[in-house]
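Right after this note come the structures.
One chain, chain A, links the two complexes that follow: it is found with chain B in the first and with chain C in the second.
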Partner chain A sequence: MPGRAELLLPLADDELVLGWRDSEWTGVAPFLEEDVAFSSIAQNEIGHARALYELSVRGEGGGGEVDELALGRAAEEYRCAPLVTAALPEWEDTIARRILYELADALRIDALTGSDDAEVAGVARKIQREERYHWAHAEMWLERLLGDDEGRARLEAAVGRLWGATLGLLEPPLRPALEAEAARRFPFPLRGEPVERAAAPPGFEPLWEEMTAVRRLVPHGQW
Partner chain B sequence: MVSATEVWAALDAVPDPELPVVSLVELGVIGAVAIDGDRVQVELLPTFLGCPALETMRAQIEASIRALGGEPEVEVVLEDSWTSDRISAAGREKLRAAGIGPPQPVTPLIRLDPAAFRCPHCGSRDTTLENLFGATPCRSQRYCRTCRQPFEQLKAI
Partner chain C sequence: MIFEVFRREREGQPLQHAGSVEAPDLRFAEAYAREQFGRRQESVALLLVPRDAAREVEDFPDEFDWKYRRVDGYSIKARLREARERAGSG
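== the complex of A and B ==
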């Protein structure tokens, strides 16, 4: 059975990095409501990452400290998926990623709530409780974009660009459930082979440089 | 030696850092309190895992226990523990009086039924959702069409 860190680090890294990417809209989102929404969701995702790192540190085969795990590793040691590392400066891609991420993430969090490890299951239930609001936000966008032809066309194109990476977010056993969920939500076909996790996913290197800059400059600095 | 009653009373005098009209006890973020000699163990239940006020809460709890002569040990409980249903009746009324809509009872699936929200200013049910997200992770923003005032609404979670 894989150790806690093995199980939780990819998920924690995804939440941290997506939180970072979503926070890039703070101050520059197309309108104020979304500026607030993205900032709040980003903060929440990073909070989830922190709780998951904390569990990894406490668990068997863990050790170390949370900040060290979050910001002290070499770029190639991160386990995040290509879906979250990609820089997506186009709003439609970012919105499509939010919808796809929440759709996929809900399945793995749900699986974790059934974990034999009571602490892991408990944190998963807490995350699940909070994520309902992320899904409500994603669903609002989904309905809005599917409400007219231009929105639908843009969503279809953006989802098409990201679908392979979305499959790659999940372990293979969860992928059929994701395909079924997506088929239920999107009124267009989805195609693409899974883009698997690998060292140095697209866009990660410059993001890592930025994310860890302060810690590398002032190791073990306290604020 | 400090008694549990004194600790609960002291924590009921600590205002929430972001919603200072309610105390930490009224907000329901204090779990178990255990006394072992001078050591006072307190469980702190975060509202949201991303709540930036958590460290401030911890420092305030520690300070108020030290003021009683106890040695604080605050444990942040990450597992699912806090829900907005833990906010006390007194806490809800204080929030409403401060213009913040208290959260709806938690239901298995959140459906944002507009009829379920009351304006904390005038009591009207004719309100609309402006933004699911607000100034802190635990708040949404709504607008009252009767008194034409925006208001903050605590999320039901």
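== the complex of A and C ==
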């Protein structure tokens, strides 16, 4: 059985980095209500990352600390997937990523709720309760975009650009379930080979620079 | 569409107007109201009403100075002062 850190770090890094990417829309989302909602969801994802980092640190005997794990590692030590690292300056791509991420993330969180490790299962259930509202937000966008020709065409194109990276978010055993779920949700075919996790995924380097800038400036500052 | 949002801060308290959200439909409005007025646990219930569904009442005539109907009643300050002046001079 893999150790906690091995199991949880990719997930925690995904949540942190997606939270960071999504919060880039704070103040510039297409309209005020969406701006607040989107930023709030982004903040939740960062909260989930914190819970997962805490859990992985506890499992390793409390040797590290959460901030060190979140912001103190070298860029190549992060395990986040290409889906979350990509800078997506177009709103349609960002919304498509939210929908795809929630679809995929629900499957792995659900798998974690069945973990033999009671603490991991417990945190997964807590995350699941919040993700319900994230999915409600993603689903309303999905249905609204599918409700009109232009929305559907733009969603289809955006999902097409991101599908391979979405597959790569999950471990191979969970991918068939994702494909089935996506076939049920999207009225268009999805094609693309999984884009696997690798050191320094596209877009991560500049993001890491920004994310860790303050911590590198004052390594053990207390705020 | 604009939706007026009412929130209940704690069980047993009356609903109060929280603000409004603009959203294309009730579903978006619900998601937006939840994030704007519920994400800090500041509400135990939210009610959404399309602004068009609310009837506005705005004309409140008061031609005959009906202030005696208000809880603060008549102002007796002026009369009290007059009475004091009379008593002082008498």
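Annotations
In the analysis below, the second predicted complex is superposed on the first by the 220 of 223 C-alpha atoms of A that agree within 3 Å, B and C clash if a C-alpha of one lies under 4 Å from a C-alpha of the other, contacts with A are read in each partner's own complex, and residues count from 1 in each chain.
One rule holds in what follows: contacts are C-beta pairs under 8 Å (C-beta built on N, C-alpha and C of every residue); 3 or more make two chains touch, one makes a residue touch a chain.
As the structure is a prediction and not an experimental result, all values here were calculated from the model.
Using the contact criterion defined above for the overlaid structures, shared-chain residue A:F31 touches chain C, although it does not reach chain B. Contacts of A:E130 after superposition on the shared chain: chain B is touched, whereas chain C is not. In the superposition on chain A, A:G160 makes contact with neither chain B nor chain C. Using the contact criterion defined above for the overlaid structures, shared-chain residue A:G192 touches neither chain B nor chain C, since it reaches no partner.
In the superposition on chain A, contact is made by A:S40 with both chain B and chain C.
Using the contact criterion defined above for the overlaid structures, shared-chain residue A:R144 touches chain C, although it does not reach chain B.
Ranking chain B and chain C by residues of chain A touched puts B first.
Contacts of chain A with chain B, set against its contacts with chain C after fitting on chain A, overlap at residues 33, 36-37, 40-41, 133, 136-137, 140. Interface of chain B with chain A (complex): residues 48-52, 78-81, 83, 109-110, 112, 130-135, 137, 141, 155, 157.
Listing the residues of chain A that touch chain C in their complex gives 31-34, 36-37, 40-41, 133, 136-137, 140, 144. Touching chain B in their complex are the following residues of chain A: 33, 36-37, 39-41, 43-48, 50-51, 54-55, 118-119, 122-123, 125-130, 132-133, 136-137, 140. Those residues of chain C that touch chain A in the complex are listed here as 21-25, 27-28, 31-32, 34-36, 39.
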